[in-house]
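The two complexes that follow have subunit A in common; it is paired with subunit B in the first and with subunit C in the second.
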Partner chain A sequence: MATAHADPHDEYSPLKHQYEDIEQQNECYTVGMWTFLVTEIMFFGALFFTYTLYRWNYQEDFYLAHEHLNVTLGAINTTILLFSSFTMVMGVHYAQLKDKLKVLGSLTVTMGCAFAFLVIKYFEYAEKFRDHLYPGANFTTDAASLHGANLNHAQLFFGLYFGMTGLHAIHIIIGILCIGTLAGMWAKGNKLVTEDYLPTEMIGLYWHFVDLVWIFLFPLMYLMPQPYK
Partner chain B sequence: MSATPIDNTLLATGPVEEPVNYLNVDHSIKSWLLTGDHKRIAILYLFSTLFFFFLGSVAASMIRLELTSPVGMILESETYNKVFTAHGVIMIFFFLVPAIPAVLGNFLVPLMIGARDLAFPRLNLLSWYLYIIAGALILTVLATGGVDTGWTFYTPYSSMYSNSQVTMSIIAVFLAGFSSIFTGINFIVTIHKMRAPGMTWFRLPLFVWAAYATSVVVILGTPVVAITLLLVVFERVFHLPIFNPELGGDPVLFQHLFWFYSHPAVYIMILPAFGVQSELIANFSRKRVFGYHFVAFSTLAISALGFVVWGHHMFISSESMYQSVVFSLISFLVAVPSAIKIFNWTATLYKGTIRLQAPMLYALGFMGLFTVGGLTGLFLASLGTDVHLTNTYFIVAHFHYVMVGGSITAFMGGLHYWWPKMTGKIYNDGIAKVNALLVFVGFNLTFFPQFIAGFVGMPRRYHYYYLIPEVQAYHILSTAGASVLAISFVIPAVYLLQSLKSGPKASANPWGAHGLEWETQSPPITFNFTETPIVTDEVYDFDPVSEFEQERANAEMTDPGNDAAVTHTGEELPSGGTE
Partner chain C sequence: MAETPLHAAHDHIIPPRVYVLNLLALLALMAATVAIAEKVQFPAFWIFSGTFLNSAAAMTIACIKAFLVIMFFMHIKWSTNLTKLYAIAGFVWLSLLFITLGDYMTRQYEPAPGWTGKQESALPRVIGAHDHLPNDANEANLRPRQ
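Now for the complex of A and B:
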């Protein structure tokens, strides 16, 4: 009887007790991660819906307000995130080959890109704060900063800008924590990740999702065409 | 189900030492607080959700007492707002949403599909901790002045004007939401990938189908309300003017996004109840659920349709006529799969060998109450009548018939049905039966008068009604019913707890039921089954042997001394009476 309570698998195996075999475990990881990503899509989906509605209502003002965003910095950040996705893929690739050093290298570069993204984001935000473009009582009335946009609707635009990019930045930070934990497990040679590449791939999936959100945010916020009059 | 026979039941007869099970394997507090076992987490959830049920009930009692007089009894207007908000927030987000999935679902889904545990035990534990943190926050809200927005947190009141604890309440609801998302992810993965060999989709118990459909709604809906409420917090704390009409924001957008979750949330609360109901009806009429496939697919149909009817909460909130017509039409469509279920359960009863034990009484009560709740929903889905009835006690009565009459009745039925499996003890069926009747009577007395009060014009969320004093009689009836209902929730607490102390031991299958969860010992071992079961037939495949088992189970119920083994071989055993 007592044996039934012991872990049915070897404690040094990457296989957890609730699974029959490693295939089942990996399938569970995959389905679980994609399900989680569905919740994330719904999470950001509501935000994108809100954005779409207001941009549709206030096309001219959103266009004018968006001119204050720094397209160059945004484009650099986009490139950085795309590159980090590439290094993440390389990390998963080397995880399949069980090449510990190269995995650690790839993950480190990915985290470096994430930090670089946040630093650039910091300078972008600082610029907006300097020009009093943060919504609220201190919002600027300077027509030059607003590029002629309606004061109220510009607040709405910057409200969405800070809300959406802010939540995205929080996801970047969570990503850094996840990749950091993963890198730590690789460094310690934890068999959960070294013997089974799936956890690395799952963190990778999350990271690609975070990148993908930015791929939508960048054109929506920074690259608006002039609306038809 | 004729899965691999397990001999644990023989151990249950061993007089000296109780066999090891998930409860007695380790008694330390640490082993509970750091457990990965889905059954222990279910027990943790049971006690924590019941605590919040108690809190919500206290708030309900205050509301009922206040309403016995047209000019109020005990509460000031502002306090009254906070009390009904507390009642709504606690009952919905902290009791109804987690009650059946996180308690019964957590306990039963792995057992029913023949798995050792849920796919992600630690995520499951995290879900409970999030719930507890959320609960602690909501207690802090109550202790620091409460929140007065109503459970719906409508903007712009919640975002711009209310100076109660809106932010903290929303963060609590947000965390509770993620707790149910994690449970949902766990169920979806577990049901997809961890079924025992031979457990095909159409051999699954309907409870598992319900848990699956609920989880789909949870993962698609909850993130939307999470971000919507978060935007309200952003507006309050960071001044992002998303719903601010002064700056061109749209407060009605909040209602759209909120009801996009909160209408499906109704199905999060009722679909698991349907699942419990199917199990109870099948096992207590000893028959396969009539039209199994239809019941299973109607569950999915409800969860799909549930996402396209949210506009019926907004017929009077600046919705266009054409929008309203479409939403009204689709809302009527939801009645179809719901009716399929009711008719199929009724057909299951037909020529069944019906056993009127306590869980079955709850199940029968459910059918009547849910039918009333569902059909009055159609009054509210019709545009003309809705304009008259919106924001009256008619709506209050309608959703209480669905939520209390449906979900809570099913929860009580399910709790009674699986109690022997969860605890290994048998409660007193006689008192339980009387109590089931008491719930039914108390419930109807509480909520039926509210239909009439609402119809003649009593608005919801008001506590002064001196302009229509004639509704006082209905309120007094309702309060009297609430007292009966309160007693009928205290009594089970007494006899269920008493059964833990001195109840007779339950055999592996005290109901003579069919299903994998009854093939392991009561209470089960930590990994559920000594070896992975192999399923060869469908779940509601009752055979004459079960009849025999049922007789024996009845004998056990009345005769505590007898907990002899139940066998699956079909060989006639002497009834083993020890009187």
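Now for the complex of A and C:
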């Protein structure tokens, strides 16, 4: 009997036994992740559709209500998310090179950006809550806060604003948890992630999707053109 | 490049220069969309209002940004055809969803001109085919209108 170290079956291989080769396995992983992302597109797509419909019907009031949003903070958040997407893809790049330290650095910067995004979002939300701009029984009737918009239509706008950016923020929080878990596995030297870059790539795909949603949310919520001028 | 793109993503590692250029392009597009929204007011053109053109410009830039993220950050440019198919499938579904706007956006034009509520104008039918039915039964086939 050969010793355990000499046995080739004891060597760690990222290839699982049910796959023909590593390329088939990688394609299976990627297509599986994209299937999940397609369901996310469907999920967010319905919300974007609702938004389109109401903005089309109540252009004037949506424009007036959106004046309460801070374009500068929105643009800073967009920059942060785009940059975090870049650091995430660099993490995947270093995972391909098996450069543990640089992977950990990239993932940490990505998480830091995600956290900064949430902090800015907190200040934006706090401003809305202060002015009673969350939909419900306590919604403001103050014309100055509403910028002269119709009360009900402004409620619709802020309902969609909180609903869509809130769901996006939940995705950011889940992203931080996923990237944190991944970084923990890298730090421990778990072979599942260090010997195979695909887990890092899949978390990366999720993170880019979150970025993708914000790419559309930012112009739709913050950059509305003035109607009929 | 001589190699086939089919398995390229696993075989070769994309140089970081590509990612840096992609990030710079995305940031430039973001600056462009903010600048257009804050400074530019498009004049009305043909059947489109200036408001519509401003929205269309913002959405076009957003689509270009999404394309860049999907192609380069999400590695779709170098992925297998099956992966590309899955990536496209989501957006095909999204466009199908938005086709239903054709219903919502045209409701203001109902009832259509010439739609009198009389049986012969609802659908092209054989003249006299429903003459044996009472009038209210024919009316029941029509959609309610305001």
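Assume the second predicted complex is superposed on the first by the 216 of 229 C-alpha atoms of A that agree within 3 Å, B and C clash if a C-alpha of one lies under 4 Å from a C-alpha of the other, contacts with A are read in each partner's own complex, and residues count from 1 in each chain.
By definition in this document, a contact is a pair of C-beta atoms (placed from the backbone, for glycine too) under 8 Å apart; a residue touches a chain by one contact, two chains touch by 3 or more.
All figures in this text were calculated on a predicted structure; none of them were measured in a lab.
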**OP:** May I ask you to decide whether A:L97 touches subunit B, subunit C, both, or neither, giving the answer as first, second, both or neither?
**Re:** second
**OP:** Figure out whether A:S106 sits in contact with subunit B (first) or subunit C (second), or with both, or with neither.
**Re:** neither
**OP:** Check whether A:T200 is in contact with subunit B, with subunit C, with both or with neither, and answer first, second, both or neither.
**Re:** neither
Subject >> Touching partner for A:E27 - first (subunit B), second (subunit C), both, neither >> reply: both
Original post:
Where does A:L37 make contact in the superposed view: on subunit B (first), on subunit C (second), on both, or on neither?
Top reply: second
**OP:** Return first, second, both or neither, reflecting whether A:S84 touches subunit B, subunit C, both chains, or no partner chain.
**Re:** neither
Original post:
Is A:T52 touching the first partner subunit B, the second partner subunit C, both, or neither of them?
Top reply: second
**OP:** Examine A:V71 and indicate which partner it touches, taking first as subunit B and second as subunit C; both and neither are also allowed.
**Re:** second
Subject >> subunit C-contacting residues of subunit A that also contact subunit B >> reply: 27, 31, 35, 38, 42, 45-46, 49, 53
Subject >> List of subunit A residues in touch with subunit C within their complex >> reply: 22-23, 26-27, 30-31, 34-35, 37-38, 41-42, 45-46, 49, 52-53, 56, 59, 71, 75, 78-79, 82-83, 85-86, 88-90, 93, 96-97, 201, 204-205, 208-209, 211-212, 215-216, 218-220, 223-229
**OP:** Show which residues of subunit C lie in contact with subunit A when the two form their complex.
**Re:** 7, 9-10, 13-14, 16, 19-20, 22-23, 26-27, 30, 33-34, 37-38, 41, 49-51, 54-55, 58-59, 61-62, 65-66, 69-70, 72-75, 79-80, 82-83, 86-87, 89-91, 93-94, 97-98, 100-101, 104-105
Original post:
Contact residues on subunit B for subunit A in the complex?
Top reply: 11, 19-20, 25, 115-121, 123, 181, 184-186, 188-190, 192-194, 219-224, 226-228, 230-231, 234, 238-242, 244, 246-250, 253, 257, 260, 525-527, 530, 532
**OP:** Quick one: which bits of subunit A touch subunit B in the complex? Just the residue numbers, please.
**Re:** 1-2, 4-5, 8, 17-20, 24, 27-28, 31-32, 35-36, 38-40, 42-47, 49-50, 53-54, 57-58, 134-137, 150, 152-153, 155-156, 159-160, 162-163, 167
